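Same chain, two partners: subunit A is paired with subunit B first, then with subunit C.
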Partner chain A sequence: MRIRPGAALTSAVAIGFGVITLAGLLVSDDVSVISDLLLQLVVVTIAITVLIGLLNLLTVHLGRIFKTQGGWVYSLVMLISAGLVIVLTILERTDVIEPDVGERAPSAILLESVQVSIESALGGLVFFALVYGAARLMRRRVTWWGILFTAVLMIVLIGALPVSGLSRLLDVRDWLLEVPVSAGSRGILLGIALGTVVTGARVLIGQDRSYRE
Partner chain B sequence: MDSTTQVFTILIILIGVVLTTLITQFTRRKKTPYALRNIPAYAVIPGMIGAAIEANRPVHLSFGSAGIGNENTLLALASAELMFNVIERAAISPNPPIITMSDAAAIPLAQDTLRKAYQSRDMLDRYRASSVRWYPSGPRSLVLAAALTGMMADDDVQANVLSGSFGAEVALIGSQAGRRNQSLIVTSDQLDGQAVALAMSDEPLIGEEIFVAGAYFNDRRALLAAAVTQDVLRWLLIITIIILVILNVADEEVGDILDVFLGG
Partner chain C sequence: MSAEQVGLWAGFVLTLMVFSYILGDNFLYRLAVYVFVGLTAGFIAVVTVESVILPWIDATIVADNAPTSNVILGLIPFALGVLLLLKTSPRLGPVGNISIAFIIGVGTAVALVGAVAGVIIPLADTTAEGVNANTVNSYLVVAGVISSLVYFQFLAKRRADGQIRRGPVSLVIGTIGQGVIVVTLGALYAAAILTSLTIVSERLGFIFMRINGS
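This part shows the complex of A and B:
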């Protein structure tokens, strides 16, 4: 078997750091000093990835604008907005723009009045998208599981209505949420946990593709 | 972390590492490979990629808010494995796959996955780092969903494979895919996202199934071993829960252990 030096080095670093961090979290306080340091390094590295992200944002959207690809106007608006917000934040941090006492910073006003309201509007749309999803499920292929899914969804939604005379439906809804839904949720979470353990073990023994090739 | 949880955690990690190591060796030596159970989503993905290549339209892959350095790091790695296999098949298309994410820490992982997939097909000259797109937003942000619905229309995407961390906002992406007749496979580690994914995906991909993607796309024994290990662990867990439930009926103290096990 041919071992590439680069792959061997990255595997060794990943395995070493993984074992030290794990030991620091689980076993000894002495090791936790080193693992804390490693976790701090991770935080710094993640901060650097935001810069990579900004570069990516610029590259992708400038590319779209110069090639006049579909949606290039949105890219232009996005880049101008991003630039303005960055400039505004710099001006605030350097005290060039100082809000009066008791007033909020302009960047906070922007966030609350633009982003929060747009996200709230989108949140309202999610409801319609969910109803569309349930309809799509039945339109695509009628299966017993699909019927069960839609029936449960209807019971839970109707049971949540503040209408008198639905007490029996409310009991069914509560039972559904407490027993089958809770059990199913735990089953899915246990499954994800199992997958995480196996993937983690593969990383620890150097079998993951990220380090292998 | 209390001592009982600490002991259980160490025990589970040890069992995971030992089983993975042993089963990998055993699987490598076995002459006939294990038969894997059918997962419909993995069966339809090659067809989706083929349709995208024929239509000269891109495949869209997304990590959602999964990334490196947070609680869903391993989910991001598992998703990268699936994406590698999808990109490797879609590499011959003149329209390169698009990878999106909202966590900046997933950018290097996505670019590395893209580059390795092209490299494995000896087509590194076709690799474009700009095929990876970052949409900055929070972990459950509607901004990513809104941005993706726009991107899916602008880039005339043929198929979407969303594997990572998504909340209920994935319904917006699903409805956009439905309106534009685009194929869609979604899986998420968030329960509300997973529920929406079940309703909107062309084929469901649930829970731990994302972690065995590699085994379904190539015959590498190490990847097959991971799938077998997961199955063995699942059966061990089922047997343990059944035993603990039986013991719980006889002895209330066992109930505390069961609570630790099931998080309740």
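This part shows the complex of A and C:
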């Protein structure tokens, strides 16, 4: 078997630092000092990775503008929006822009009035997509599981209506939320956690080496 | 018009532009989405620099009377970032894997401890405590959790005819678990509809308030 030194070094880094961090989080105070330091280093490295990603995003869109490729107007709008936030923040931090007493800073207005508005509107669009999806669910193929899904969906939705005379339905809804939904949620969360443990163990024993690709 | 008013009107116009998607994909909707992406990218850059990178540099590289070891330590994440940049080169790309391996190694350990200490033990504990209540519902919850976990397992036997099938016990319990999961997903879907309905009504209220001038 031929061992490539670069690949072996990469595996050694992942396994070595992983085991040291795990030991620090689980075992003694001496090791936890090292694991705390490793965690800090990872947080800063991820922050730098995020910046590299943003730089890449801006470079790609800048390229689209210079080459006047399709959709370059959108790229221009995106770059202006990103630049506006960064420039406003720099001007505020250097006290070039000083909001009056009781007024919000321009970057805060941009965040709370503009950014949050678009976010909420996009969240609102999800409503139409969800209702459309629910309406289409039973049109393609009717199955027992589809009927059960729709029945629960309707019970929970009707149960949320502020209408009197639905006490029996409300009892059913409360029981559904208390028993099967509670059990299913725990099952899903436990399934995800067990999957995380298995994948994590595979990485730490060197079975999963997808980071070398 | 004050900056606050400009912000509110911009929010109003952009909300209408996003809702124009109901009529189909169009120029205005895409414009609003690109504004959103740009603003998000800008804010992420600002928060990352101000909350993580500058404090790190202050505490290590440019700290008063910082020893050389501190400066070297402070430079390590930047060196790892430079290694990541090498991933764009076909020849030097594998060197960038060291940074990825470092992040994945430490991240895996944190995820492992988080999954065990933050999810498995507390949920198993809560479910077991429910049995102490000794009610029908508490036993049903335990049965639901176990059956949904059985539904998630993919162990099966290969028969003589080559077909792969679960054992009969596992099949029955797994089917009950599938029902539990379907009921859960139905309730979660309904909750998502109710949540998004709340957001829509808030946005519509905002639009009408702007039109009325309040």
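Here, the second predicted complex is superposed on the first by the 201 of 213 C-alpha atoms of A that agree within 3 Å, B and C clash if a C-alpha of one lies under 4 Å from a C-alpha of the other, contacts with A are read in each partner's own complex, and residues count from 1 in each chain.
One rule holds for everything that comes next: a residue touches a chain if its C-beta (ideal position, glycine included) is under 8 Å from a C-beta of that chain, and two chains touch if they have at least 3 such contacts.
Bear in mind the structure is a predicted one, so any value in this text is a computation, not a measurement.
A.B. asks: Go through the superposed model and pick first if A:L161 touches only subunit B, second if only subunit C, both, or neither.
C.D. replies: In the superposed model, A:L161 contacts neither subunit B nor subunit C.
A.B. asks: Should A:Q207 be classified as contacting the first partner (subunit B), the second (subunit C), both, or neither?
C.D. replies: Touch status of A:Q207: first partner only.
A.B. asks: Applying the touch criterion given at the start, work out whether A:V142 contacts subunit B, subunit C, both or neither, answering first, second, both or neither.
C.D. replies: Neither: A:V142 stays clear of subunit B and subunit C.
A.B. asks: Please work out whether A:V96 is in contact with subunit B alone, subunit C alone, both, or neither, and reply first, second, both or neither.
C.D. replies: Neither partner.
A.B. asks: Looking at A:A134 after the superposition, I want to know if it touches subunit B, subunit C, both of them or none. Which is it: first, second, both, neither?
C.D. replies: both
A.B. asks: In the superposed arrangement, does A:E178 touch subunit B (first), subunit C (second), both or neither?
C.D. replies: Second partner only, subunit C.
A.B. asks: Once the two complexes are aligned on chain A, which partner has more residues of subunit A within touching range, subunit B or subunit C?
C.D. replies: With both complexes superposed on chain A, more residues of subunit A are touched by C.
A.B. asks: Is A:L57 touching the first partner subunit B, the second partner subunit C, both, or neither of them?
C.D. replies: After superposition on chain A, A:L57 lies in contact with both partners, subunit B and subunit C.
A.B. asks: Thinking of the overlay built on chain A, is A:V33 touched by subunit B (first), by subunit C (second), by both, or by neither?
C.D. replies: neither
A.B. asks: Is A:Q69 touching anything from subunit B or subunit C once the two structures are fitted on A? First, second, both or neither.
C.D. replies: In the superposition, A:Q69 contacts subunit B only.
A.B. asks: Going by the contact definition given at the top, which residues of subunit A touch subunit B in one complex and subunit C in the other?
C.D. replies: Touching subunit B and subunit C on subunit A: residues 22, 25-26, 42-43, 45-46, 49-50, 52, 57, 71, 74, 115, 118-119, 122-123, 125-126, 128, 130, 134, 149, 185-192, 194, 196-197, 199-201, 203-204.
A.B. asks: For the complex, which residues does subunit A have touching subunit C?
C.D. replies: 6-7, 9-11, 13-19, 21-22, 25-26, 35, 37-52, 54, 57-58, 71, 73-75, 77-86, 89, 99, 103-104, 106-107, 109-128, 130-131, 134, 145, 148-153, 156-157, 160, 175-194, 196-197, 199-201, 203-204, 211-212
A.B. asks: If you look only at subunit C, which of its residues touch subunit A in the complex?
C.D. replies: 2-4, 6-8, 10-12, 14-15, 18-19, 21-22, 30-46, 48-49, 52-53, 56, 73, 76-78, 80-81, 84-85, 94-95, 97-116, 119-120, 123-124, 126-127, 137, 140-145, 147-149, 151-152, 177-194, 196-197, 199-200, 202-203, 206
A.B. asks: Which stretch or stretches of subunit A touch subunit B in the complex?
C.D. replies: 22, 25-27, 42-43, 45-46, 49-50, 52-53, 56-57, 59-60, 63, 69-71, 74, 115, 118-119, 122-123, 125-126, 128-130, 132-134, 136-137, 140, 149, 185-192, 194-205, 207-210, 213
A.B. asks: Could you pull out which subunit B residues touch subunit A in their complex?
C.D. replies: Within the complex, subunit B touches subunit A at residues 1, 6, 9-10, 12-13, 16-17, 19-21, 24, 68-69, 74-75, 77-78, 80-81, 84, 104-105, 107-109, 112, 116, 129-130, 132-134, 136, 141-143, 145-146, 150-151, 153-156, 168-169, 171-172, 174-175, 178, 189, 191, 194, 196, 198-200, 202, 206-212, 214, 222, 226, 229-230, 233-234, 237, 262-264.
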